[in-house]
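This report refers to the structure that appears directly beneath it.
Lettered A, B, C and D in written order, each chain numbered from 1.
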Amino acid sequence: MLLKDQSATIDVNMWSVRFNKIRTKTRDICAPLSYEDHVVQPTQEVSPPKWHLGHTTWFFEEFILKAHFPDYRLFNKNFSFVFNSYYETVGERIDRVHRGNITRPGVEEVLQYRDYVDAHIQELLDISEKSESIENLLELGLQHEQQHQELLYYDLKYILGHNPLFPEYLPKEQQNNTTQIPALGFIDIPGGLYRIGFEGAGFSFDNELGRHQVYVHDFQIMDRLVTNGEYFQFIEDGGYTRFTHWLADGWDWVNAQEIKAPLYWKKIDGIWNAYHLKGGMRPLNPAAPVTHLSHYEAYAYARWAGNRLPTEQEWEIAHQVISPEISKHTNLLGRQALEPMPKTGDNIQLIGDVWEWTGSAYLPYPYYKAPEGALGEYNGKFMSNQMVLRGGSFVTPEDHIRPTYRNFFQPELRWAFTGFRLARHI
Amino acid sequence: MLLKDQSATIDVNMWSVRFNKIRTKTRDICAPLSYEDHVVQPTQEVSPPKWHLGHTTWFFEEFILKAHFPDYRLFNKNFSFVFNSYYETVGERIDRVHRGNITRPGVEEVLQYRDYVDAHIQELLDISEKSESIENLLELGLQHEQQHQELLYYDLKYILGHNPLFPEYLPKEQQNNTTQIPALGFIDIPGGLYRIGFEGAGFSFDNELGRHQVYVHDFQIMDRLVTNGEYFQFIEDGGYTRFTHWLADGWDWVNAQEIKAPLYWKKIDGIWNAYHLKGGMRPLNPAAPVTHLSHYEAYAYARWAGNRLPTEQEWEIAHQVISPEISKHTNLLGRQALEPMPKTGDNIQLIGDVWEWTGSAYLPYPYYKAPEGALGEYNGKFMSNQMVLRGGSFVTPEDHIRPTYRNFFQPELRWAFTGFRLARHI
Amino acid sequence: MLLKDQSATIDVNMWSVRFNKIRTKTRDICAPLSYEDHVVQPTQEVSPPKWHLGHTTWFFEEFILKAHFPDYRLFNKNFSFVFNSYYETVGERIDRVHRGNITRPGVEEVLQYRDYVDAHIQELLDISEKSESIENLLELGLQHEQQHQELLYYDLKYILGHNPLFPEYLPKEQQNNTTQIPALGFIDIPGGLYRIGFEGAGFSFDNELGRHQVYVHDFQIMDRLVTNGEYFQFIEDGGYTRFTHWLADGWDWVNAQEIKAPLYWKKIDGIWNAYHLKGGMRPLNPAAPVTHLSHYEAYAYARWAGNRLPTEQEWEIAHQVISPEISKHTNLLGRQALEPMPKTGDNIQLIGDVWEWTGSAYLPYPYYKAPEGALGEYNGKFMSNQMVLRGGSFVTPEDHIRPTYRNFFQPELRWAFTGFRLARHI
Amino acid sequence: MLLKDQSATIDVNMWSVRFNKIRTKTRDICAPLSYEDHVVQPTQEVSPPKWHLGHTTWFFEEFILKAHFPDYRLFNKNFSFVFNSYYETVGERIDRVHRGNITRPGVEEVLQYRDYVDAHIQELLDISEKSESIENLLELGLQHEQQHQELLYYDLKYILGHNPLFPEYLPKEQQNNTTQIPALGFIDIPGGLYRIGFEGAGFSFDNELGRHQVYVHDFQIMDRLVTNGEYFQFIEDGGYTRFTHWLADGWDWVNAQEIKAPLYWKKIDGIWNAYHLKGGMRPLNPAAPVTHLSHYEAYAYARWAGNRLPTEQEWEIAHQVISPEISKHTNLLGRQALEPMPKTGDNIQLIGDVWEWTGSAYLPYPYYKAPEGALGEYNGKFMSNQMVLRGGSFVTPEDHIRPTYRNFFQPELRWAFTGFRLARHI
């Protein structure tokens, strides 16, 4: 990551507070889980929660303590094999698909590992003079941990939501949500030359760096996300059974996987339900944004509706035009509820509900250059066969919600909190 | 199972004692495991220990309590879906390959399930007058539980032995074992008409029933099992790299799976070690019987050595001829050590060390007829593409060691405690 | 093969006549095919007809001309790579699954290869003094060629019968066949000690050698094969949808492959048709023996009918008991029609209609020993995971129809002319 | 296709001449092939030459004769099943992977089919007044046929080049080619707003339509293609064994497929050879452009060389800037030789050597809209998981070489004549 020199303004105490807050948050997310829930990997894209707890800790150990402090003694020399994710530079590691077979170290031992590494990092934080490179690595470690906090929500939802007993993660609170699908508008965005990408103080990932000019043509973009109720009409209209809406790869996927609805939807006694983190299996709210669908499904819906998905450039420009002042106004309601919530007012918001599929492939910006060494493997090597998502979700840490942030997944993946809005040329 | 009327002689108290002893034993096997160890399924033939705990309990609930006691209230109506193994008659069940993704019910809840069902069965045991069919089902449930006790050892060894940390199941005690490969002899067995198969009092499975005549030709059989040291010579002589020793299917398997040694063998710093339940990874003892190999490997070794595997008929006849008086003399040393142990004396023994691959496919005996209903699925439907093993292993419950017992596995499977001896015509 | 010294009685001229007759027959089988039909391999077990033409020729070149005549000059040194089947001893060869991609050498060049090799073999035949080993190899080469003649029929039927245009191999002649399902009887065979296996003059394969004693119990065996009409009742009774009839492996196969009827059956406008070599797609004759089914289907039918398949020992013994005088009385009607034909009289016949699945796994007879060298790969290495078939079919060369002949296939294969009869203990 | 009204200027005779010329060319390409060569499909992306002959004919029959002439009688009603490629709108069709199993209709019958359809189209061409829609369909049919002419070269090279005998397609003529790797330069292209995409008279595909503005930053692009000799250095430097150069998907592909060099390269006695259409297996010329590599390999080379691939926008703009006058100056030398030929002069040329991988994913241009009906499946539905190639190859029909043409393949495909040049920001 080419980190800006933002850390100079953060004093010793602030580092310590922030470090502890973020590290504690990870444990808190896992708190409602049983030991057993921490172990499994029911599908390839899911990692066991225990692995997240260990891997984020290994990241601090490997890239800070081991790399920069010769006297540091590893907690366990075998843990690098267990907790390395995909850094070829760092050496051998367990196959991703076997993560769910590793019962030792157990949850308790992993938590001890966290304590051990945290204590050593704390010593480092207590030193007032830290090199810029250490501060950059600390920052990256925290950003990395926050990315895994979000993945933890995806993964634990998958684990619990595919259990035949459908256990809830947390109980559902009383809520009086509207079920009225909100009115739909399209906003005009004038074409022209814009500048997109990250610049300035604060953290960003390497893939969003390089503020650069792009030209777009006039377009319109929806002022809200597509809802469950609207998506339901697509299903009712035979959306999953008519090839004309689909990309060829998407059609193959629908047929091979026998896809008939978004992930977690289940028709029970004739009524569409969905599994929710709070309250488990519950009836769908037609007014809430649709979520847990693949890029293929978003594309097919858009084509069925006579529109298309916005490009990532259009999305970022729309954000600049519409809501310069609300760029970080995230959806607090969804955060509490751990699910996308219906909009009741007329505030236009592009950010913080669910990750929005764009029509853009994940590719480097002009002048992009991956960093040297292991951290160069962070983003650049994934720039093929994936699609960009923008905006962030209600489980995205707030520091990760910024208009230039580029998330990316293979087009068939659905376990993230994904959704979409439509765009069109006029 | 066509159970003999053996149970009439067992009084109420004996049933109760035996039931509790066997049910307790299952828990005891799992006692050294962590919660996390109970959940996973690292390969298809392994089941999670938690699943064994639940499945053996479900067997009593489904076939006795639910089937025969209309007032019985299920502990949890969803458990049949989770804990049914392969009984199509009984209804839907989780795919075998997904057993390892099921984190709920957790270990504690499964133990409560055991308590609940045991308490109800106990009520039944306390009644002095039980129908014969109930007694037969109780007997079958206990035999079934004992089969799963053995599987538990296979499965937990696989789970721990494939963990990159190689944790031990139990610590190794001090032992002064010989490492001298014992002398090898072949015993002459005269050809002729013999009777094999089970008859008489006591329990047997349906597949061994039907005492019937068979004719065999004169043959010789080894007076002990093939050892690690002998098998090592086969490896050193290029055993895994020369097709001439192998069945065509075996050769394909060796190449596709890149097999180079028995399961759990690992060369460390030039020395062959193996993972053991007691003491984890330790040097191989050349004098101990080789174990954890496939039928294909046993066949290839036999051919390399200019001999063959005995048929299951020959094995059972050899047992009759050699050791009528020691038919239940099992290897106590191996039982304590949880591994096959070298023989030091000159006692000939065919039973209780490791399961011995035979050259016989698993097929029905004359007059075989599968029972009606779900229990008819117990044995008969597996009579294709599997090979018979005889003799029992040091983790086989003693009630399961009898000369007529027919075990069976696909020829490529290695996670059981398998081994072999050679035979030949003269 | 351990060939008997039968050849001494065959004079030079007889060798020549027989050689030419058999070699010509192979070409004749291919005569109705187009060049294009000779090339393809639509499924793994099928080989391209062009490959059979070349492989049978290579067999004579490799094992006789090249091995025994130092001056012999290979037709093309690359052909061994193309036309070796599975002889690891002989060296590298094209993967079996890629045989259908090899367009060169073309049909014409392969026929030239046949001419070239035949001319060299002819020189050898003209010599009056041939060593016994050469005569044995000649005999084996001709037997081998005849085996491939039968495979040619299976393969060309598969190629034409899976073409969407369903072209016929030969036109259908007028026939007035009965469609009346013949009466069904079971014949009693007394139990006792019998001798089975090949001995005496004439050719046999190594796997049938070793006349040996076996003991069987009293049994009954059907006096004819199961018919299309009877099998149709099994289908109508939900045979393919009820697991109780099936071996577990068979049930998995039925579901994975979505099997609903024997191979080549196709319901057209509500009527069951089948693809036939003569006349292409035509209505099924209910009176004719059912064919093109797997061992799993034969097993399931037998179980549905309350019976079982005979063992191969029972089959051979039944043949001895019933029809010592008609052991070579093959079904001439079927040979003309290239399909199994209904029986009209009351003659009991076990041989020459379709290959009959038995309930026996393919395993070595007592004292079996594979020959040394490449020819030792002929039979022995396939003795796992296959089932024995007995009797021969209407496309089996007559020399290959003998009561001791052991054919074998994997239990799921259906492209051969397979059928079955039932047996039972009383 | 949104075809422009270009056809008004083509009189009756010109249509006829052009139609016959293009249709004849397709046959000419197949002329050196044997019947057997026409049938097979050795890998999924290859289609049998016979299928191309039939499919291009079916296209005229289905979309012109059948659709617009009610009296037209189909040559064979089953051919639509056999020769439809991927038009879901048109109905059932044979699975793409089974094309290579279809031996009937044979080559001769397919050529009769061509004659039959050509005769009917000729009647249509003789009419002076054709509707615009018919003319558009004729144009599309011819363009479509020319696309398949190029595919024919890819496919027949694959069929012959994977035959173990490595037969040549045509003999090699005498040539005195330089083997001196030409000097390498980078050309500066100034950043700014440009217009790309097709407009004006003449044919184009729907995916290149919509002349539109794009903004690019200053960049440099190589003045020639990367050569065999340069690529050889990448291999020698461990290019295929060091992950740092590769996209993650590319690295997985290299390892899973054990890729060690471009397709058709083969080291013989220590010297790199490659299979060529003319002359078969011959030594590589280091001065000729490297070809038959995947996008992953082009990407890895670029990264190894410290550069990157150009985007498709950059490529088209570079073409506009450098060579407005030579936009159709294709490589005549390569056309004769049927292989990419070394450049000897200093002429800069971007077009007509080999298809050049770009760094752009294949995605719709602004305002893109797929046509209605079956022809709407021509391009749009493939816009996922593929990368754009630009420029055309020496086997691309000249009408298909234009600077706006967008070719596209999955990033792992190598059977086309692919190559690449590098670009960089300064």
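Here are some notes:
The definition used in the following text is that a contact is a pair of C-beta atoms (placed from the backbone, for glycine too) under 8 Å apart; a residue touches a chain by one contact, two chains touch by 3 or more.
Here the structure is a predicted model, which means the values were calculated and not measured.
Minimum number of contact steps separating subunit A from subunit C: 2. Among the other chains, D has the CA centre that is most remote from the centre of subunit B.
Centroid to centroid, with C-alpha atoms defining each point, subunit A and subunit B lie 47 Å apart. Centre-to-centre separation between subunit B and subunit C, using Cα means, comes to 38 Å.
Distance from the subunit B centre to the subunit D centre is 60 Å, each centre being the mean of its Cα atoms.
Residues of subunit B in contact with at least two other chains: none.
Interface residues of subunit D facing subunit A in the complex, by the touch rule stated above, are 86, 88-89, 193, 212-217, 243-244, 246-251, 295-296, 299, 308, 359-361, 363-364, 366-367, 376, 381-385, 411, 425. Those residues of subunit B that touch subunit A in the shared complex are 34-42, 50, 78, 81-82, 94, 98, 100-107, 159-160, 162-165, 167.
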